[in-house]
Structures are given as structure tokens and as C-alpha cells.
Amino acid sequence: MNDEPFPAASAPYHQLLGMTLEEWRDGFARVVLEAGPAHMNRSDIVHGGVILSMIDQAAGFCGLWCSVPGNIRKAVTIDLDCRFTGQTTAGRMVAEGKLVSRGRNIYFARTEVFNAAGEMVAFGSSTHRWRAGSETVEGSPGA
Amino acid sequence: MNDEPFPAASAPYHQLLGMTLEEWRDGFARVVLEAGPAHMNRSDIVHGGVILSMIDQAAGFCGLWCSVPGNIRKAVTIDLDCRFTGQTTAGRMVAEGKLVSRGRNIYFARTEVFNAAGEMVAFGSSTHRWRAGSETVEGSPGA
Amino acid sequence: MNDEPFPAASAPYHQLLGMTLEEWRDGFARVVLEAGPAHMNRSDIVHGGVILSMIDQAAGFCGLWCSVPGNIRKAVTIDLDCRFTGQTTAGRMVAEGKLVSRGRNIYFARTEVFNAAGEMVAFGSSTHRWRAGSETVEGSPGA
Amino acid sequence: MNDEPFPAASAPYHQLLGMTLEEWRDGFARVVLEAGPAHMNRSDIVHGGVILSMIDQAAGFCGLWCSVPGNIRKAVTIDLDCRFTGQTTAGRMVAEGKLVSRGRNIYFARTEVFNAAGEMVAFGSSTHRWRAGSETVEGSPGA
């Protein structure tokens, strides 16, 4: 278990969108966001970019949980895709990323996004690469 | 030519990200954004979600230009993918979406994103569906 | 239940690859293939095209099961993606496609492919459109 | 220029499908196939799996041209997506893969597929990883 404040708390873009990391363990990350007026497109539904941002974040984080307090892990997204299965109005959105498979320095994730009613509004797949020193669950002091 | 204010100007999410539609014609849309501190992830590079948002927007808009002043066209994104080919620090980002092919009510786009140095940092493909009344370039009064 | 011979049996490309539909119900399709020398690439592993073909087929079929004997349903694949999580040598391969979500005339599938050892070697997502008359589980006499 | 017989000639799966490498240079590969009865699905159009196989092959090869006669380069496909923009009946099909961008050991490709009438019937993007010794254009004796 990692008792450090979630890194999500300190990234400016997370603050801009109001995205927070709610649950985190090895191979899993749940990112939540309270959709409000600022997230809407011109049709008054949540912009696809909000959903894509949540997927990128939940997917990335599912491979970055760290077993050693104080250490961190980092990765870059290589590619990502998303299918939109519904539309979202205001309210709590949840994105859950799960690590599906991994190689030496690459991992694959699947992520589902749900609206306030609990309906799946999008699902995605993505490929990520760990930065050097981040491949194992222990992470590194300054990865 | 469409002299109306770009719809991009009025969508809350565009304002949140600072995304504007710079050039628009039938089959093409260029979306720009000045990346600053608010767009950064915890590694001080532009968050993937910013790039994905720009792709979704440029891709969507490339099929929505309207030849009749006052009319509009609308679409939903069915799915979208993106490959990240570089990283972006602060500065002007540009996303150019091009309509590749269309069916009766679906269109496909390819979008490229460039950083301030003009390097391509991502490219994506996407599938969109026109809402009823938006299939033709004339659009509708209240699509 | 549909007691008709599986349509898979009659498609020439299925025969070329040796691909058969092993299990089929509403929202699910399992396609199998015995990988042999003809399916190999120049590194003596199963060519990615075999896996992609199985995904396209299992994904398509998961939305085409028909409750009325003698009727059929048809669809076209709009787009498809695949991530390769392992490699496959000779032996029985299995692709399982599941319908994730559907709209009026579009459906989304997720498909997983397993090698003879039961390891997942690929997973994909795809978007399909039913042809007119194929949207409901009853299908049509000559869809 | 590489005067060696194309590796495509020797891969069993290429022979099964009748796929040949017609043009090859650094960053580009054209794969062709004469679509006949064996490539058809149950609607008498070319099966999506044929198109996906051609994309995987052209995309992979665009990063594998080798400047040193006798040397070779190898790669694996990490992931691939495809959008289908048209349908194909019998006749000559062409897939052209172009290397879009590369990192140290990963490359990205974009591939377009055309039917006998020269119409684009599909376009795809993909991510590939060079095997050790294959990262540079010179390749290796036994990569």
C-alpha cells in the first residue's frame, strides 16, 4: 500500500479538469471527475476530450502503482483508442483502468468509463511504456 | 465561406482548455491551443488528454463545415485512436483534421498534431456520425 | 437456438484459413483455427493477419446470432483495432468475441484471442454496422 | 537497393493468401494481392481479414528495408487499427505502408489499401517494435 498523496493531486492538468485518483493498486486505477458546465461541448454533453483524458490517465496509472512508499513510477502512452458507447451529462464520471498484459517495458491497459447513472459511456485500450527504473512494482526514488 | 463566429468559441470545454478553431473549410479543420502550465502532467510535458481533446475536436469539425451562413452541422464521435510520436512542452500546438472518406451518415478523419517547433507529436484516426440533418454541406438551421 | 449450419462453414475465406465457428449465441461468438505451417510468418510464428482475421470474424459474428431458424443477419466492420500480447506457434487458436454495447444500427465488440496453451495472445475492439433488416435478433429471411 | 529475393516470397502465410511485396524502400512497402474466390466472405466481398493481413504486412515491412545485401531486419507488431472505407470485389489489391515516425526501437506506420479500381478501401495505423539488431537500416546478418 502506498500512503503517499496520489501524484494525481499535483498534476496541473488534473486540477484543470478536476480529475482525481480515487483508488489505486497494482494493475488497477480508478479516476473520477465531477462533470459540470466547464466540461460540456456545444451540445451540452460532456466533451469527448474529457473522456479521453480520463482514459489516458486511468490507463497510465494502472501500471504505475508503487509498493515502496516514497518511490514513484513513470510511463508514457504510446497509443490509445476509445469507442464511445453513450453520452454523459453532468455528474460523477468514473474511469477504471486495468492492466491486461505486460512485456519487459511495455504494458497494455483496458479502461471503461461510466456516467453518473453507472452506464458505460466509453471503453478504450492503450499501450504504454515504462520509463527506465519504473518497470517493477517497487519503482525508484526519482523515476 | 462561413462568416459566423466559430462554434468553437462557445463551447465551455474549448474555453477551459483554451482551444480555438483557427481555420475551417469543407473537409478540413485546424484547432490551436497555447500550451501553458495548466496543460502539464506531473513530468512537465503536455498531458496526453490535451492532445486527444484536440484530435477529437479537429477531427469532428473537419466534417462539420457548413456552406450556408447561419446553418450548423453536428456529429458524434463513434471511436478514435491516437499514436503519440513525440512530447510537447509549452507553446503553440496545432491539430489539423482531414476528412478521409465518408458514407451516408458516417465519416472518417485523420488528424495530426504539431508542437511549437512544428514537429508532429501525435496522429490519430477517427469515425464520426452526422446527426440527422447534418449529412450535407448545407447543414440545417437548428441541426 | 439456431440449428442451421454455421454460415462460417460456407465462406471461402474461412475455408482458406481453416477458421470455424465453434460456439454462437446472442452477443457471443467463438471462432477456432488449428494453426499449422501455412499460417506462419518468416519467423515461424503465426502471422498477425491470422489473428486479425479471427478477431474480425468473432467480433462480427457476436452481433449476428439469429433466433429464427433459416433467417440470417449481416453486418459490415466499420473499424477494428488489435493489441498483440503474445506470440503463437502451432496449435489450436481461439477467438472469443463479445458484444459490448449497441445503438440502433451499430454495435461494438471486444474480442480476445488465445493460443493452444490458453494464454491470451491478442485483444481487440471493433465497431460494426448491421445491414438493413439485421438489427434485431430475429434477422430476416434474406438479409 | 536490396537485390535479395523479398522475404515475402518465403513466408507461408504470404503464399496462402497470395500476398507479394511489390516495392520496397526505406520507410515504404507496397504489398499486392490478386483477390479471387478464396478471399471472399459469405457476401462475396473480400473478407476484412485479407485487408487486415495486408496492412499488417505492408506496415511491418515499411520499417524493415535493409541497405546491406544479405542482412535482414525483423520486427513485431505491437498494435494495429484499421478503418474500412469501402468494399472490394475480385481483382488486384494494393496496400502501401509508410513509416510515419520512429523512436529508438519502436516505429509507427500508416497504411492505405486500394481496390482494383484504385479506390481506397481501408486505412490503418500501427505500432511496431524492431527486434534487437534490426533498429538501423543496415540490419544484421541473422537478425
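Labels A, B, C and D are assigned to the chains in the order they are written; within every chain, residues are numbered from 1.
Please note the rule applied: a contact is a pair of C-beta atoms (placed from the backbone, for glycine too) under 8 Å apart; a residue touches a chain by one contact, two chains touch by 3 or more.
These numbers were taken from a predicted model, which means no experiment stands behind them.
**Q** Under the over-half criterion for shared residue numbers, do copies subunit A and subunit B use the same patch or different patches to meet?
**A** Over half of the interface numbering overlaps between copies: same.
**Q** Count the touching C-beta pairs: is A-C or B-C ahead?
**A** A-C
**Q** Quick one: report the Å distance separating subunit A from subunit B, using the average Cα coordinate of each chain.
**A** The separation of the two C-alpha centroids amounts to 22 Å.
**Q** Taking each chain's centre as the mean of its CA atoms, how far is subunit A from subunit C in angstrom?
**A** Their C-alpha centroids are separated by 30 Å.
**Q** Between subunit B and subunit C, what's the gap in Å when you average each chain's C-alpha atoms?
**A** Comparing mean C-alpha positions, subunit C is 33 Å from subunit B.
**Q** What are the residues of subunit B that contact at least two other chains?
**A** Residues 78-79, 81, 83, 125, 127 of subunit B each touch two or more of the other chains.
**Q** Taking the complex as given, what residues does subunit B use to touch subunit C?
**A** Subunit B reaches subunit C through residues 78-79, 81, 106, 125, 127, 129.
**Q** Could you pull out which subunit D residues touch subunit B in their complex?
**A** 81, 83, 85-86, 100-101, 108, 110, 120, 123-125, 127
**Q** Give the list of subunit A residues in touch with subunit B in this complex.
**A** That would be residues 7, 10-13, 15-17, 37-43, 47-50, 52-54, 56-57, 60, 74, 76-84, 87 of subunit A.
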